[in-house]
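After the C-alpha cells below, expect a handful of questions from me.
Think of it as A, B, C and D in the order they're written, each chain with its own count starting at 1.
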Amino acid sequence: MIRSENGYFGEFGGRFVPEILLPALTELEDLFFGLRDDPAFWQEFVTLCQEFSGRPTPLTPLRRLSKQLGGAQIWLKREDLNHSGAHKVNNVLGQGLLVQRMGKQRVIAETGAGQHGLATAIMAARLGLEATIYMGAEDIERQYSNVFWMRQLGSDVVGVTTGAQTLKEALDEALRDWAASVETTHYVLGTACGPAPFPELVSYFQSIISDEIKEQSMRQMGCLPDEIVACVGGGSNAMGAFGAFLEISEVNLVGVEAGGISLEDGKHSIRLSQNTGETGIAQGYKTLFLQNDDGQLGDTHSIAAGLDYVGVSPILAHLSQQGRVIPESATDNEVTEAFSLLMKTEGIIPALESAHGLAGGFKRAKQMKPDQNVVINLSGRGDKDIFTVARAFPQREWTEFLQREAVRSTEALAQKRGH
Amino acid sequence: MIRSENGYFGEFGGRFVPEILLPALTELEDLFFGLRDDPAFWQEFVTLCQEFSGRPTPLTPLRRLSKQLGGAQIWLKREDLNHSGAHKVNNVLGQGLLVQRMGKQRVIAETGAGQHGLATAIMAARLGLEATIYMGAEDIERQYSNVFWMRQLGSDVVGVTTGAQTLKEALDEALRDWAASVETTHYVLGTACGPAPFPELVSYFQSIISDEIKEQSMRQMGCLPDEIVACVGGGSNAMGAFGAFLEISEVNLVGVEAGGISLEDGKHSIRLSQNTGETGIAQGYKTLFLQNDDGQLGDTHSIAAGLDYVGVSPILAHLSQQGRVIPESATDNEVTEAFSLLMKTEGIIPALESAHGLAGGFKRAKQMKPDQNVVINLSGRGDKDIFTVARAFPQREWTEFLQREAVRSTEALAQKRGH
Amino acid sequence: MFPTQYEDLQIMSHAVIGFPSLEENEKAIAGLAEAGVKLIELQVPFSDPVADGHTLVNACYEALKHGGSVQATLNLATTVCARHPEVTFVLMSYLNPLFRYGLQELFEKASAAGIKGMIVPDWPVEEIEPWLPTLDALGLSPILMVTPNTAAERVEKIAKASRGMIYVVSRMGVTGHETQWGEKFQNYIAEIRKHTDLPLAVGFGVRTAKDLNALTGKAEVAAFCSQYIEWQRDEGSEVAANKMKSIIQEIDSP
Amino acid sequence: MFPTQYEDLQIMSHAVIGFPSLEENEKAIAGLAEAGVKLIELQVPFSDPVADGHTLVNACYEALKHGGSVQATLNLATTVCARHPEVTFVLMSYLNPLFRYGLQELFEKASAAGIKGMIVPDWPVEEIEPWLPTLDALGLSPILMVTPNTAAERVEKIAKASRGMIYVVSRMGVTGHETQWGEKFQNYIAEIRKHTDLPLAVGFGVRTAKDLNALTGKAEVAAFCSQYIEWQRDEGSEVAANKMKSIIQEIDSP
C-alpha cells in the first residue's frame, strides 16, 4: 500500500482541520501507525471480516456477458456479498477495532448512499456503541430504506438540511459534531478522504479487497488481471481494489466517476478527468474539488447517491496526476444500461454506484482481446436502490403497490398512536 | 444425508402426481441418482456456490447477545450472506446444473416470500434461461420488492389469484404450467416438499449448509454444537442445516414453525407440533398437512410469507415423528421481538422467516449452560421485509416517504407513457 | 355400464358437487341424463385441484363454499344413481379427500351408492395396484389416465390396472391451446389400443360439436366437461342441458 | 491596533460579507463602530464552514447568494478600514477561498486594504509557519486558535506563530451547551498565558452582558459574533447595533 509523506500524497492530502480536532486525529494516527505493520492486527481484522461479513468475497467470472461483448474476460469482485451489502463495511469493521482500543463509546459518521451509515450502524450495534449518522436530507429522500434500517438498528440518523443537502453537507455536519464530542466520540469516516490519517487508514482496511483479487486471479485466471476497474466516489472501493497493484505497472487501474447528466456545472461529479476538478483545500484535506473561481465548493449530481461527492481521495488525485490511475466517467444513462445488462445477463443486481464501474469496465473490455482479463469491483448490491431504479424503469404495479403501501403504513401509524 | 425408500421417508413422501408429470420426475430422479454419489458433481456444485454466491457462508458468534441472554453460546449460520440474500439459492444453483444437463431452456418456480423466485430468476438470468415465476397475489403484495427485481431480471412473474392467494396456490399453478410444458421446462421446486425426488434432491443441495457447520464448529468451537435450530416453512433450510447431523444423536435438531397469531385454524402455520397437522396427500406428496376433516387443505397465516405454507417436508414429518427433530413454534410477536433484539444487539438484519429460528433458538439457549453451543440457521436477510417490518415498527418518516415516492413513481410512469 | 370396445361415441359430462349448489346438482344431472349423456363424473371439490384447468379450479372453489364434500358426493350419488339407471356414474376426486375419509370405507360406500368407476388424477398406478382386489370385489372400476408422454411400458402397466375404460388425456397440459385430432392423435390412440381392449374415454379440449365429430369412430367416450361447466356457470343448468342436448344431436352417425 | 496584555476588555464583532447584502454590510459595520466595537472580523463566506455553528453556516449560505466572495471582502475592507480607523479589521476565512485566490496575492491585497489580522480556522500552524516572514513583512497578524484540548507543547508552538492576539476557543464544539466561565475556564486561560504575552480573544458562547462581565479581567477581547448575527438576521443591522451598544455600556468597569 501507498504511504503518505507526513499525510501528503504528492501535493494532495494533509490535515486542514480546526485545532480542536487535532488531538483526536493525532491519537488515531499514532494508534494506526503502531498497528498497521503488525501482522497480528491485520489477522485480527481479516478474521473479523471473515466471521462477521463473509470474506473473502468471490471473484465471479461473467462468462455469458464477456462472450456477448466479445472482448476481454470480465470478472466481478463481489463486494456486494459483504454483510450490509457493500465494501463500506470493511473499513467500518477495521475502525471498530480501533474504537475498541481507544475505549470510546460513541461513533458518528457521514453517509451519502446510506451504505456507510448502515455499515456504521451495524458495527455500532454489534460492538454496543452509540451511533449518530449524518445524512443529507436529499440523500435521505433517495435512500430511505437505508435510513429505515439504521434507525431500526438503534442509530440516530440526523438529516442535514444545509446547502445541497447531500454528502458534502453531511460531512461538514459530522465534523461539527466531532468538534464538540471529540473526547468521547470516534468519527468513522467512510471513504479515503478527509484529514490525515483517514485517506491512508481507510485505504489500508479496504486493501483487503485487492489482496484477495491478487490471490484469486492467480488461482482462477492463472495470472494477474490486465485491468482493474472501480467506481470512484470518495475513492475507498477504488483504493481497496487498486491497493495491492500500485507497484505492478502491467496492471491498468481505472477509476470511473459519475458523468451524471452532462458536463455542465452541477450536473456531474467528475473530479479527476477533463479539467473539471481543481486543487483546493476543504473538509480537512487538499485534493481536486469541484469548485468555482472563488473557491466555493460546487454542486454535484449523480444517479448514485454514493458518487455524488465534491471531493475525491487525495491518493487518487495524486495517482491520477501521476498517470498510474486512468480516470474515466459514465453518464446516468450509460449506468442504467450497464445495470440492466448485468442483471439480465448474469443475474446480479449491482448498486448504482458500482454500475458506474460496470459501464466503464464494459466499454474498455470491448476494446480488449478475449485472452485478456478485466476485474470490475462490484462495490455493492442494488437492493437499496429500488426506489431510484423503479423511477428509471417504471412498472405500473410498483406505483400501485406504493400507493397501497402508503395507505397501510398510515394505518399502522394511526394504530400505534392509538395505543 | 437421509435417503428415501422408493421416494418414501417412513410413511411420508411418495409421488402423487397426474400421469403427465411422471416422465419428467423420472428423468429428474434418474439424473439425480446418477450424480449424487459422484464427488466430481458435488465439487462442481460447491465451486459454483463459491464462485457465484460466496460460499462458504460464515458461522458468526453472537458474543454480546449470548452474554445478555445468559445461556448457551449462540452462533449464526449466515445464509443471509448468500447471493440473493437467502439459502434458497443453494438449491436453485444445484438444479441449474441439472437443467443444463437436461438441455431444457425454460424454468418455472413457485414462490412464497419471493426469495425462491428471486433465486430462480437470478439463476435463469445467469444461465440464459426463460423463467416464469408463480406467486400468490397476496404474497406479491407482501413482497413486492422481490417481484420488482424478478421482473427486472427478465423473469415473467405471474400472480395467482385462486384461493388464499399464497404459496399453496402458487405451487398448484406451477404444477399446472408444468403439465403443459414438461417436455421443455424444468420445474425448480423451492423447498424440500413435493413429489419425489424433490424432497431428497432439495435436501441434498441444501446439505452444503450442514457440511459447512460441521467443519466450522469443529474449527471455531472445537466441538460439534449441542443444538441446531432452523425455521421450517417447506423445510429446505432446516434440512440443509440438519442434514449432516442426522446420524449424530448428541446434536439436537430443532425446527421452528410459524405460530402466527394464535392456534386457531387459519391463524398459524404449525404442521409438525401440537396435533395441528394431519397426514394427507396433496401437491404431489404425502405429509402432515393443515386440513379439515374433509381433506381440504387449510388456510395458514404467518408474518413471514415464506413460512406461510400448508404442507411440510415429508422428511421433517418423518424425523419429527421419529423424535429426531424437535418441533417448536414462535408467534408473530415473539418473532418481531427476536428480530429487533438481533438487530440492535448484533447488527444483523434477519429475514422474518429466519427470525422464527431466532425466537425459538433464543428461548432454548436461555435454558442451556454457557459451555454449550447453539447454532441458529439464519436462512435469509431482512431487506426484503422492509414493508412488513415497517408496518410492525411504524416510523412517521417512512409513511411520508412512501407518500412522496408514490407521487414520484406516478410521474415517472406518466413520463414513460408520454414517450 | 361402460361402453364396449368400438361402440358408438358416448358423451361423458360432469358435475362438481356443490357447484353451483347441492340442489342445483340434482337438477343439472337430470338435465344431462335427459340430454342423452351416458356417463357423468361426480367431482368431489378439492382445495388444490392441480390437474384441472381454471374453469374447474374456480368451480371447486365455489363448490366448497356451498357444502361440496366427500359425504355430500356420496349422498348425491345415492340419489342420482337410483334415479338415472341409464347413466353410468363415475366418482372423480383428488386423492386426499378420499384418503381422509378412509379409502376402504369410501370404496364400500361409493359402490353401495351405485357408483361404477373412479377417476383420481393424482393416484398413480403403483399406489392403486394393491387395491385392485378390493375394487374388483366391489365392482368399482379404477379408470386410469394415459397421456401423450406416457412411455409404452407404462401404458401397458396402466392398462393392466384399469377397469371399465381408460382415460386418454388428449394433449399436454390442463389449460391452453386447442387440441388437434389429426394424424398424430390417431397414432397416439392406436398406440394405446395395442395395450388394451378397454374402451377409451378422451378428455381435455373437447368443447364443440366439431370435436365430437372428430372423435367419432376413434374413441368410445368423449369427456365434455369444462365447456359444460362454463355454460352452467354463465347460463344456468337448464340452458347448459339444452345446449348439451343439441350438440349430442349434431353428432354425425359414423 | 490589537490591545496589549491585560488591557480592558474589548469587543470583537462580526460581518459575513454578503449577509444580508453587500450594502448592508457597510451600514452594519458603521453601526458596530459607532457602538464601540473595537475589532471586527470580516468573514469571507464559504460553502463548507465546518468550524462554524448553524447561525454562521446559514449566514454564509445566504451571503454567497448575495455576492459574498474574497474579492467582495477585499473591496469592502478597503472602504471600511479607511472609514473607521479606530476599528481593527481582521480577515476571517476558511483556507480554500484564499488558496484559490492565491495566498501571496491575497496577503498583499489584504494588507494594502488595511486589514491587520487573519483568522483561518482550518489553517494549521504547521502550514502557517513557512508564511510567517511574508506576513510579518506585510504587517498581517495570523491569529491562531487554541482550544481546551490543545496540548501544552502545541500551545507553545501556536503562541510562537501567532501575532497580535491568540484566539481562545472557550469550549469544545461549535454548537450546543452554554459555556461556563468558572474555575476550569480560568485555569485554561492561565495555562495559555504561561506560553504567551499576547492578548487573548475569547470566542464561542459569548452571547450576553453576563458573559462579557464574566470575561472582564480575564481576557482582553471577547468575540461577540453569533448572537450579533442573529440580531442582525432577525431585527436588522440597526437594531443589532443598538443592542450591541447597550450591551457594551452594561460592561462593569473592572
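Everything that follows uses one rule, which is that a contact is a pair of C-beta atoms (placed from the backbone, for glycine too) under 8 Å apart; a residue touches a chain by one contact, two chains touch by 3 or more.
This structure is a prediction, so every number in the text was calculated from the model and none was measured.
Centre-to-centre separation of chain C and chain D, using mean CA positions: 97 Å.
As a whole-number value, the distance joining the C-alpha centres of chain B and chain C reads 37 Å. Separating the CA-averaged centres of chain A and chain B is a span of 32 Å.
Per-chain Cα centroids separate chain B from chain D by 65 Å.
Arrangement of the chains shown, judged by which pairs touch: a linear chain-to-chain path with two open ends. Every pair of chains in contact is given here: A-B, A-D, B-C. If you check the complex, the residues on chain B that touch chain C are 14-20, 22-23, 162-163, 168-169, 172, 175-176, 179-183, 278, 280-284, 289, 291, 293-297.
Across the complex, chain B is touched by residues 50-54, 57-61, 64, 78, 80-83, 85, 121-126, 128, 141, 144-145, 147-149, 151-154, 220, 340, 343-349, 383-384, 386-387, 389-399, 401-406, 408-410, 412-413, 415-416 of chain A. By the touch criterion stated above, chain D contacts chain A in their complex at residues 46-54, 57-58, 61, 64, 69-71, 94-101, 121-124, 127, 144-151, 154, 158, 169, 172-176.
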